[in-house]
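Scrolling down, you'll hit the structures one after another.
Presented sequentially are two complexes of chain A, the first with chain B as partner and the second with chain C.
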Partner chain A sequence: MMELFPRKQVIGFGFSLLLTAIALAVYFFDLSFTAGMTILLVTAFVQAAVQLVVFMHAGETGDKGSIYTNIYYSLAIALVTVFGTLLCMIWGYV
Partner chain B sequence: MKIDHSLPLEYGTDQNQLNILGFWIFLGAEIMLFGTLFASYFTLVDRTGSGPSGAEIFEITPVLIETIVLLTSSFVIGLGVHAMRIGRTKAMITFYAITLLLGLTFLGVEIYEFMHYVHIGAGLQVSAFTAILLTTLGTHGAHVTFGLVWGFFIILQVRKHGITPETANKSFIFSLYWHFLDVVWIFIFSFVYLKGMM
Partner chain C sequence: MEFFERFAIPHPSAPIYASMVAIGLTVIAIVAGLTYFKKWGYLWREWLTTVDHKRIGIMYLISALLMLFRGGVDAIMMRSQTAIPENTLLDAQHYNEVFTTHGIVMIIFMAMPFIYALMNFVVPLQIGARDVAFPRLNALSFWLFFMGAMLFNISFVIGGSPDAGWTAYFPLAGNEFSTSVGTNYYALALQIAGLGTLMSGINFIVTILKMRAPGITLMKMPMFTWSALTANVIVVFAFPVLTVALIMMTMDRLFGTHFFATTNGGMDMLWANLFWVWGHPEVYILILPAFGVYSEVISTFARRNLYGYKSMVASMVGISFLSFLVWTHHFFTMGQGALTNSIFSVTTMAIAIPTGIKIFNWLFTMWKGKIEFTVPMLYAVGFIPIFTIGGVTGVMLAMASADYQYHNTMFLVAHFHYTIIPGVVFAMIAGLTYWWPKMFGFMLNERIGKWAFWFIAISFNVTFFPMFFTGLDGQARRMYTYSEATGFGPLNMLSFIGALGLAVGFALIAYNVYYSTRYASRNISADPWDARTLEWATQSPVPAYNFAITPQANSSEAFWDAKKKGHELFKGEVQKIHMPSNSGVPFIMSCIFFIWGFSFVFSLWIPAILATIGIFICMAQRSFERDPGYYISVKEIKETESKLRGA
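Entry: the complex of A and B
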């Protein structure tokens, strides 16, 4: 039975629950916008990295380079889309 | 068919490796798709018109249930892939079935949430904010719905053929999709709900 629950994945799951609990701090405590957003940005991106490495097995095989290049590329496009939009639609008018 | 036994079964053949890389490229396109949805959401989040704002309609309980359920399902399908790699067909099917049940629970809560929004006057046509909110959540929910159908047929194939290079490859690719849905949800949970309730 134990061999069905690999240590690495159980720890990864515990860690992702912990990150969720930390993110909840912005709901239960009265934090400033900057402090809250910092917590959310850190927990969300760490959480995504945990999923990627522990559960999606990125980087276990020979095509590791192609997989990571592809993820970084699409992530860069997504971030440019989000922050570029914020820049010209919101921040530019403040 | 040449099978490389030094690799997990789902990577064993050249075709399998290409399938997995191809699916990663598809996930890259999905990241960009959700990137545009988030960009639109952040632009329209304050355009509430005469409708309610996020802080007025979001409730922590259903959101927390959805988050825990989806995180757990992502963990359980990870166990399913592990069981598959050590050749435990029964355990693998059980884990995949639990994953789908959790996915169904998530969907149930989300449908309840949507009905609740419409009920309290935050339907799709009320304001730019409710439109982009329900579009973003709905796109994720549609992905989960599609995943449930896909996963069901994966289980049927594994039951019929056992763990072969083909079924292992399909099951692994499905697990990638499912983990990806969880990653997207993490961002919705953080930057739609928690930011809205902050």
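Entry: the complex of A and C
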């Protein structure tokens, strides 16, 4: 019976509910802007990872390698674009 | 009448009225011709509904050549306006429209379809596939591009052309300073064409990763296929940025948002930033397939295998990643501090390393080779020194502090023409001449081709080299005239003479197509260049199913091995072949997209809503349709094969 029970998915579902609750809590508690944004950013990225691995089955098929390469490459380019933009428009702007 | 006033040209002139008449007459001539020769059915069955990658490639090719001549006319107009000081051939507004459309047409509607023409035609053949992975999506890609191009091209007779430069920087491109609908055309036409390009990107990545014939591992793919793969990876990662930026631009212009406004929290610099986050990878999307073409051409006509295959692949993958790290060098002078500029300076110079590796690999391929100077090889050999001048001036521009001197001058204009023309235009003409016999079953005349090459290569330098000097002397780009006291006159006249020479060169290419169609021998082999890769292993012109038997490859030059080393390409018996069926939906859906774009340009909301519904209906049709494709029987394949072999 144990192998029929989708243990990973149930745990994942619970975890994603928890992450949503934490993110929602930012609204109800009187946090500073920085603290609120940090919580939101962290929970958002963890949430995306949970969705990808648990519910979109990244890493369960033969092309696991190309899926993860793709994800990491996208992440690298997204981060370069975001931080590069911040560098040009805000931090490095004189 | 009030309704129709919005379609009027805000800045009419005699040439525009003449173009209106010319466009009208051309449309009437095409419709009348099709009706008279009873070709409507043929056009619909064989071309408008086709999903065959070869035919789509040819349609891309025709569009690219048409747009090359349109953009070329713009270029001649600019050079003749600036040929003498204080010229009044064009006024400032007209000149603005001409340089804006020249840039857009050449990059988006000439260079992009040209590379997709070659990719469509060649990539599935090089990897031994029957078609691309998603043939109908491929048709949709083409028609979206085509309708985007048409929407952009009607702008100068209906409502006015965009005039804010091909970069359309805010706040100039905002409603405050660009009051005509021109910039709306820019946003919508690029959006529609860009969607098509993004779909092509996904399509080709899947095709190359999933549909290779047995034996073609990633490291045994021909170099052009590798270049197509890296270019399409850039497409998939860069084009979404353009899509989003254009949506924001459309929202700003049509719905009063303030993304790029200078007030209410908007940031005009963000447009320049987003534009170049897409725009810099875009130039590598153009150059990488060109590198692929040169690799094929040089190795074929030096009669040697490509030197340094692995380093070629590594440098292309390197370029495709580095291309995302350099965009800020397009606006070094916008106000970032020294640290930011230094970072992007260094990344920019770093791109010269993989590019240099490629240049040396081509030189080593030719080293001790038996070089045969055919037309494609002339372009490839001419490319190396000319492109190197473009590269060296690129490194000059990459030095942020020195860029304060060069930026926005003709020096920059000379630099990017020195990279794009040998890098893309030469490569595309080389590829066109090289693959022409595979596409049409006859060869282009070598003698006329060589005349065209020398006209183009020499005139190109006469046109653009003087701009380095006028630029260093301080002539700004995009200025419609200058005073005699500046002393820019003689060098600009020289540029104009060069531009006329370029026009002669391109006219010779057009004449070559006409001449060869009439007189060239149809009795040529399927492999007239004694080439090395798989596309030459099938018949010319290529049958619908590409290969009667799926080829088995053992190296990146499987066909060469089959000819010289006794490798067996085609093992087994002919079996029935499953093919995708034609569909008119991509064409119809793209026509609706055209109406959608046109309605948005003029803020006609009711047709816009109807067109949006129409687009969704087309998508739903695709979701619910059952389309099992069809089979070509063994008998039919054998008949086709023996007919094409001339038996």
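Here, the second predicted complex is superposed on the first by the 87 of 94 C-alpha atoms of A that agree within 3 Å, B and C clash if a C-alpha of one lies under 4 Å from a C-alpha of the other, contacts with A are read in each partner's own complex, and residues count from 1 in each chain.
By definition in this document, a residue touches a chain if its C-beta (ideal position, glycine included) is under 8 Å from a C-beta of that chain, and two chains touch if they have at least 3 such contacts.
Keep in mind that what you see is a predicted model, and the values were worked out from it rather than measured.
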Superposition on chain A - do chain B and chain C clash or fit: clash
First, second, both or neither for A:S66, with chain B first and chain C second: both
First, second, both or neither for A:A21, with chain B first and chain C second: neither
Contacts of A:G92 with chain B and chain C, given as first, second, both or neither: second
First (chain B), second (chain C), both or neither touched by A:T81: both
Which superposed partner A:A48 touches (first chain B, second chain C, both, neither): first
Contacts of A:L40 with chain B and chain C, given as first, second, both or neither: first
First (chain B), second (chain C), both or neither touched by A:I11: neither
Which partner reaches more residues of chain A (counting touched residues only), chain B or chain C: B
Candidates 261-269, 369-377, 387-395 or 459-467 of chain C: the single one with C-alpha clashes against chain B: 261-269
Set intersection of chain A contacts, chain C complex versus chain B complex: 66, 73-74, 77, 81, 84-85, 89
Of all residues in chain A, those that touch chain C in their complex: 66, 73-74, 77, 80-81, 84-85, 87-89, 91-94
Chain A residues within the chain B interface of the complex: 3-6, 9, 12-13, 16-17, 20, 23-24, 26-27, 31, 33, 36-37, 40-41, 43-44, 47-48, 51-52, 54-58, 60-63, 66-67, 70-71, 73-75, 77-79, 81-82, 84-86, 89-90
Interface residues, chain B side, partner chain A - complex: 7-8, 11, 17, 20-21, 24-25, 27-29, 31-32, 34-36, 38-40, 42-43, 60, 64, 67-68, 71-72, 74-75, 77-79, 81-83, 86, 88, 91, 175-176, 179-180, 182-183, 186-187, 189-191, 194-195, 197-198
Residues of chain C touching chain A in the complex: 209, 237, 241, 267, 269-270, 273, 277, 324-325, 327-328, 331, 334-337, 339-340, 343
